[in-house]
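In the two assemblies presented below, chain A is common to both, partnered first by chain B and then by chain C.
The block that comes next holds the complex of A and B.
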């Protein structure tokens, strides 16, 4: 990696030398002094920010201390102080975050995901009670949480393709779109058609109001009486969307996966552009007059998801019959919102995705994917059928992308072609890169963070800057979300320069990125072979 | 030699052209079962190209390759591996960032049956298969003397051990025929001698494996080969026991030039 000292000017070098020459105690003293100064400075801008910096440095320095009998006690006392006096503050949260590192690693591996899931499940109950984060403002609301989880699912899916198998896919949005449109086709009035209620009279000569011609209902909830079209139960629909998208992934994959590296990236980019265009122009599908996608107007509304009246009745209303119209009960002092239900279902879907992804990673197929990423030629020589194995990676990635897309469409109750542009593909890829390619935990963190920034974070940050940063009476008037692409680009640039393996890297990937993979093609690409 | 039951591999008039260059020119070649055959020749003679055709990396321009009586000409590499040819590479091509045991387990890919779906559910079958594969991988590492380094990343192993790991990975594919491409390149004389012993004694005599290797180190070639074939400019110029080949004029000419042959004749050596 490019180290600072190779860039250094002589002045910088001598400063470093002097710093090194100082006694350890002096260095610590200066560092702590600088941190306190920084905290004091920030205190004038935003109290909470100042406290946060102080907390961080306090915990950091306690950790740096040599092992002493009272060290643990000091840390515990500090956490307690926060929890008692400032239970709802960033400081308390940071204190808890640091406390996590006292847990022995063996336990932490299990405890951390469990705590994270529990915290997420109860998020709707305490979200409104949470403190304001400096710079980022209030905690994201539950609807944002749903979108974040949907994007995390997509990132985890893309991670199978890019992180495990090393196939650069710049058109992942195609899978998202396929899933969303599958949901729209099978849970809306899109294909209702029209006929005349009077028997034997064609629609052109009809004198009374037309009624839907096609009507197919399979367990959908919340239907308007007399509404035509195909209505499949939301749960079935999620599975259906996954399967159809996976099949679509295989269809796209068979011709494209014969290519390597850059060529593959370009072709996937093409597919990522083709699909939204088909959606946009699909109100007259290839000039046949068939209205497949309803063009730029999109398909809306979509059926909601729910457990139906029967199940709801049997369980005494515990399982809501329809998410959109649910929630009169007042549980745990919290008025349920339909968003909360969507949020919890999203968590379940994400857990399934993560589970499958982890299982695949440590399987025969997962090993084959990593082998292909490391050296395609050697992998083929060891008996791994390249085409088939890559296609499986593609199909698995597509499956989860499709489910995420379908769920998002159901949540929004709409699908528009404008949702599926190239920037979404890049955005999801950014999530994977930022978090750490190949490491599912990193990808989750990266995706959640970027999705949050996109939905709320940037706007909040802009508001904070506009009100807190000022020169005299002059306040800036920034529209930060307008600079979103630039900011994401900058984030990726910084990550690539200083931590190319991502925030939480996979051990293997980190090694590759620092030393490079030696995979010179030796192979006839025309001869990659689909045959077993 | 004719196509008898004892011939594991029969290549007939195999030819490879790269544009105008004829890398392998109508070479016919048989590998009898249970023997160690060496393929030698000066640099650029077409040895590795020939190997790459046997393993499906290149498709021959003409000719046919029969393995165990089945035509495998132009089949993709994984299909050929599944039918029983395992190989190592001239310039080591391990999966650098995978551990030694993972490398070996990748080699077992064709011999395992777990698929996407039962891997997710992790059925008892998958659990058993995975455990068996792990145990077998450890056995194979034991065989080449790397058991203690099972969890070391391949790239952290010293050069000689990387060569051994490549052999273990190739053995994991359960081959009938093992192709070794310059297996002792970069080894010191002691390591080469050990390796010669390993091929001759362990692989051939104990495991009853058939080995075809490209080798430059004549001590290794002469020490272990049952038969030596010599390629020069893409053509097979000689074949026979190590002793016969050593005396063959065309071979000496190919390696040392015409002058050397005349020199030797004058001194009555040939």
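The block that comes next holds the complex of A and C.
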């Protein structure tokens, strides 16, 4: 510490000063030289990585060129080089990126989301054509895309609780589980029961094969004839799961939300641990034989989602009757898959979620959340009903978590208690923190990236490290996905220490985190103990 | 800490005992009645489970004290504490077997080896805990109070994976060195030495801790820092060093607990620390967090509840539900009596 304070920092600062003193051209030259050297170095590790660094630095420097005509020419040249010699998809991507920056700044606010949505919608069509990302490997599968969007939805929901209202929720997985089990209860054969087809004979004395006892059908698709149980249409089910989860959030929230921040975190953690245990032990409650959740085997299969035969017929098959058995069509050189349909529906759900979240943010309720986050006492003094406002935050966060959980369960066609560990709560929290608490765009980016890492990225990265990194004859043999939770922990730690506002911060939240909320302490809190 | 004025307010505290207190009393009375019935029906089994519960409670107490010490001084729930405990267990196994060559049936020299392992593990875990504080909590001293809580979760996950990378995903087994001979056997109730040893080692550690906090200069500094950091700083107390010292002590307790647990249960796994840590945290909250005797009381209570639930043949949940019961207690205590069993919250930890 001593060395850092007296020697290290001035040396570093003088270096920075000398760098600033250089002429602009010299600085550019040195920087470009360093980048080329780095690219050359990386080229020996992995060719693609070297190219990627070159491309990125070219992208960066071209952006700094004077506008016309140099910039356009350089951009066109770069895109052309890629379209002809290198992966074409990368060229196309560059062209889009350059195009976005040509849009006037005033319109860019809208252009960026529109481009992102369009790119996402057409993703299944060009996914197989995409270039290979260095280190990370191929672009994520469409099925991974569905999971990514589901987790983005959950992160956006958690962002309402943690980011807007400042209530640390360590048990968000409980909402996810509630949504998933709601879907499982209302769209499977779980509650079919058994009865004897012979009238007046109990199931124990039955001599012929038993048939389902209960049967309730409300617009579900793809049912096996004669299957019992509750079968509600998938679309209704999503709404139902959201509402039930929101109610559950209120039930949890009402007694606990008056607790102080860290106690609340612990209570939510408690609920997050209890609920999966109920799911795990729910095949035989306390020996009573009541089978609610089918225990560790989970509930599977679930009904799929679809538009039914009537709607499908009216639209000439454009709207598929059942997502699982759909898709013989071949458009734009792409064979449709049921995952594609799930992917598009997920995008629609995400757009609804984002829209609601954005509208909520600056609504009267949203402003009340921010006020509570910044100073609860002052907010209460200004007449904000604390309990009601906090409960609304909980309910809205839970609503989206429930929908996401239900959709994920329908997509997987299964619900297992093993999916709802504490790790998932922290995983979703990590998404919110990495992206930037309170900023929905940051949360979306952070969540998509982390969900991708979880599904494919870590495995790919591990494979890359194992095959490309070696010292002499020594090769590492890492199972990177095994250490996923440690990696998330590290991300949380690093982000909270060095950039607590996240990658894409909300300006307001950043100010809170940097200026602090306490009074300035009298003792030196950061460079502590150096003189003692 | 002016920022958390929303804590349990005065008004509710005086109103509460009327209804909730009554319900709680009825509930507790029912449980006691059930216990008495159980004790009369099968006294030997009841005695057995009670003794195991006490031993459990002793280990939990060591961990719970670490939570309560840190909470008392920083108002921070140190999530990483349970994982430091787990790391302590692994360290103890490694030090004991690989450095001192500990194995089953060594005779009297075992005592010496176990003692040396205990001391070394306590030192190591204390340093680890103080380092964690230095890296992960100190830079966030002025930040919103949820910020260090979040980093604590991050650190907890990192330590778990350090344990995973070090010892792999399976149980690490320790040599079974504690004697299993009986201390006494009264009316079918057996008490074995391996349980008693845990208690024998725990009690002096607890007494030493109480002495340290209540009788020494350093303890006085800790209590002063817990009460008011700014005032303590004005009085010439090096606040940061005191906090570091507290983490050192807490880590050493976790190390002692880890050693005892590893040698007693003879298995440790990388993810055990988190679960046991949460149970111990519940114990600390139950006793009144920040309150040292409270933590011990809470730990013994939780230990008893756990072993009664798992060991008695009554019509009760059983081991599948232990986690849920512990967390239900945690939630109920936090919601209805956040100051814990021992009355008023005493942040000075004494």
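Simple rule for what comes next: the second predicted complex is superposed on the first by the 440 of 532 C-alpha atoms of A that agree within 3 Å, B and C clash if a C-alpha of one lies under 4 Å from a C-alpha of the other, contacts with A are read in each partner's own complex, and residues count from 1 in each chain.
To be clear about the criterion, a residue touches a chain if its C-beta (ideal position, glycine included) is under 8 Å from a C-beta of that chain, and two chains touch if they have at least 3 such contacts.
Being a predicted model, the structure only gives us computed values, none of them experimental.
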item: More chain A residues in contact [chain B versus chain C]; value: C
item: Touched partner set for A:489, first chain B, second chain C, both or neither; value: second
item: First, second, both or neither for A:386, with chain B first and chain C second; value: both
item: Touching partner for A:106 - first (chain B), second (chain C), both, neither; value: neither
item: First, second, both or neither for A:473, with chain B first and chain C second; value: neither
item: First (chain B), second (chain C), both or neither touched by A:267; value: second
item: Touched partner set for A:18, first chain B, second chain C, both or neither; value: neither
item: Contacts of A:363 with chain B and chain C, given as first, second, both or neither; value: first
item: Touching partner for A:377 - first (chain B), second (chain C), both, neither; value: both
item: Chain A residues contacted in one complex by chain B, in the other by chain C; value: 375, 377, 380, 386, 512, 517-518, 522-524, 528-529, 532
item: Residues of chain A defined as touching chain C within the complex; value: 166, 168, 170, 255-256, 258-263, 265-267, 269-271, 273-274, 277-278, 280-281, 286-287, 375-377, 380, 386, 422-423, 426, 429, 433, 482-483, 485-493, 496-497, 500, 512-513, 516-526, 528-529, 532
item: Footprint of chain A on chain B - complex, ascending; value: 52, 55-59, 74-79, 81-82, 87, 89, 93-98, 102, 105-107, 109-110, 112, 114-116, 119-120, 122, 126, 129-130, 133, 153, 155, 169-170, 172-173
item: Of all residues in chain A, those that touch chain B in their complex; value: 355-356, 359-360, 363-368, 370-371, 374-375, 377-386, 392, 396, 508-509, 511-512, 515, 517-518, 522-524, 527-529, 531-532
item: Chain A-facing residues of chain C, complex; value: 1-8, 75-77, 136, 138-147, 149-151, 153-158, 160-162, 164-165, 169, 229-230, 233-234, 238-241, 244, 274, 278, 281, 285, 315-317, 320-321, 323-324, 327-328, 330-331, 334-335, 338
